[in-house]
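Below you'll find the structures, each written out as structure tokens.
After this come two complexes, each holding chain A, first together with chain B and then together with chain C.
Moving on, here comes the complex of A and B:
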């Protein structure tokens, strides 16, 4: 992967006003979900629970904006470049398709993950960092990084497949956002609607990253323990790694072996 | 004019269909060392041919090789030897022209990207603007010149230009033709140029490929093809045109009749017989012949004749 090309691609994708809007959106949504420390401590929760629950909560609320942002940015990176002709220029250079795909994918996924995690870390540190708790806050916050990374990879993989198949910026952006909303929407359905399969919702791409964190931190379920307790924390991590590659691998194969610049 | 011998690319019986459109319909052609002109009406398959040669499109059937490499399976090796300017040019618009070219030169593996970028920018007379202005502020002509500079980076063995003068003013067009001629003579570049501006193409081309409906209908050295055109095509100014056209269409020695820019354009098989019959036919049609001239010995006439006969 060529670093100069990656830098140019990042500057293109994250140019004004994309970066400002993304930071604003993720920061606003994250900060709105933080419960002040005194509110939680009054009900007798221990400090560890407060920190871990806040982290899960921030990650959870960031998930929907990340779905939307990864859909828009991947569509801009793949479909808009196709429409405007930059994809054609890049594919005519003596650079492998693998490199071009990697650059375009990383240019969205890496900054989006770092932006999201950076804001999470900032909020966690601002709220809970003291001389005594510093290491714990940093350790707990660290675990949000791989979880956000794999979740963003899942949505970016889905978005890149849609963008390369549809090849139109607006259509693929809308389709990706709708697909992301659908993944989120099914997790909101109740057992009354879904019946016995509702138990399996904990394993969906939207819920699994959050359960990976909850199981890792030993967070107590709000309701009766369900199927999530059958899977160990590392099981959830394997599941989210699987989800990260489930659309990425076929998209990569399609791009490197079949993709044509027809227009 | 140099003799054309070395074959750089060879396509045989290429077929490519997009949904229900047959973009290439059994295309066979050769690209030679020197300056090759690719001519054809809109939808003839010129851009598809160019994209196919760079591995951007995979043929449904047939053989496509450039520099001895398969255009789809070994396109990376081909792209190392080719520079290309597309009709639809796109860049990293947030960069300056020089920054963009440096990036492209680096990706092409050129040892000194900055020096090479400056060299090609000087060639296309874009030195000053390329240093300071971001590409998003460029005019269409400047973007086109930057595209040409991009295509020339690293002295590729074959430069493909798809409508290289489409966004340029007359002075800019003349300059591009001059650059192509200079590079051919001094640096032995080879070109494959697709253009609608036939008089300009005629000034530089050595080998011509005429395309229509997805296949090559004529191919050969320019001089040889031009010798074929005259005196088989005539342009007639006549009033009224319709009755004479009707009669001409029924004549055995006439291959094609069309009304084009006020002239009746006639392609014939036997020019002597046609000249003998024309006054009688005009009289029969009660039309007055105002002007009869042999169509020029130029690419435009060759193009019209070939397309009408196809």
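Moving on, here comes the complex of A and C:
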């Protein structure tokens, strides 16, 4: 991957005011979900459940803004470059198509993941870091990093596919936002609406990352345990890795083999 | 990323945190009760807390449930006037209070540090009883905001404002110098 190209792409994608808005939005939403630490338990009860439940809550709240942000930024990165003719210039450079695709993808996914995880870590440390619990807080918070990364990768893959297919900035951005909302919306449907198929919604791309964290930490389910208990934590991790590549691989193949810029 | 943007991002984070941390999020009455305590038996409560300031702690104060039709004292284990030995320790394991008292017993506490406070209670009476532990905060008292978070938010806001200001000043001076050069 060309580092100079990556630097230029990051500067372009995260130019003013995108970074400021993203930090403000994600931080505001995250901090609003966290209750101050005040809990009375018995000696047998531990700090672990308080910390893990908060981490799951923060990640869950961040998911929808991240879906929308990653979708918008990726579709802007691909479709706007196409519309403005920058894609033709990029493809004429002595750089492989793989590098161009990787640069465009990484320039969105990596900073967005680090931004989200950084904010999560900051809030967790601020709320729960004490001499006794410091290591636990760091260990638990670490797990949000791969989960956020693969979730963002899924939506970025979907957004790049839409952007390369539609090739229009506004159309592809709107389609990506709608797709993101749809993926979120189906997880809100109840068994009364969907019937028995609603039990399988825990395996959708929106719910699977959150269930990966919940199953990993052994968080108490709010309602009756369902199908999610049949899949072990590593099963959920395999599922989210699969989702991360499900749109990315075909989009990459299309971009490197078939994609052409039309005058 | 230039210095002005870094400062501005810090300012945004500081202001959002200040908005969140400048008011109290603990307010009202919280009571917990875990089972019954036999004669001579001890129980420990763990209070995981942020530095939320002054409160009133009550040992053996049975909450009145306004939504229940049950008369007060319906539960035969909800006894009052029970002699107990209590010990209250802070997160550094220093004993703040240790004495023999009669329930319900309320005393003022100040949660100054983030961490685990512990309350040990021993039933010195001659009957089995429940031993609820209650913490009462004033309603929306600004003193009950999280002290460390509030300080951090002020520090981040001030630092963000200073860095943004410095960034603007540096930009202004460098532009001015460029204009002066022929």
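Keep in mind that, in the parts below, the second predicted complex is superposed on the first by the 254 of 263 C-alpha atoms of A that agree within 3 Å, B and C clash if a C-alpha of one lies under 4 Å from a C-alpha of the other, contacts with A are read in each partner's own complex, and residues count from 1 in each chain.
Methods note: a contact is a pair of C-beta atoms (placed from the backbone, for glycine too) under 8 Å apart; a residue touches a chain by one contact, two chains touch by 3 or more.
Values in this document were obtained by computation on a predicted structure and should not be read as measured data.
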First (chain B), second (chain C), both or neither: which does A:32 touch?
second
According to the stated criteria, A:126 is in contact with first (chain B), second (chain C), both, or neither; which is it?
second
Name the contact category of A:261: first (chain B only), second (chain C only), both, or neither.
first
Classify the contacts of A:188 with the two partner chains as first (chain B alone), second (chain C alone), both, or neither.
neither
Touched partner set for A:24, first chain B, second chain C, both or neither
second
Which stretch or stretches of chain A touch chain B in the complex?
2, 4-5, 8, 11-12, 15, 81, 84-86, 88-89, 91-96, 258, 260-262
The answer for chain C against chain A in the complex is residues 1, 5, 8-9, 12-13, 16-17, 20, 25-26, 30, 32, 34, 43-50, 52, 91, 114-116, 118, 133, 135, 146, 149, 152
Under the stated contact criterion, what part of chain A meets chain C in this complex?
16, 19-20, 23-24, 27-28, 31-32, 35-43, 45, 47, 50, 126-127, 129-132
Touching chain A in the complex, chain B uses residues 18, 51, 54-58, 76, 79-80, 82, 84, 86, 88-95, 103-104, 106-109, 150
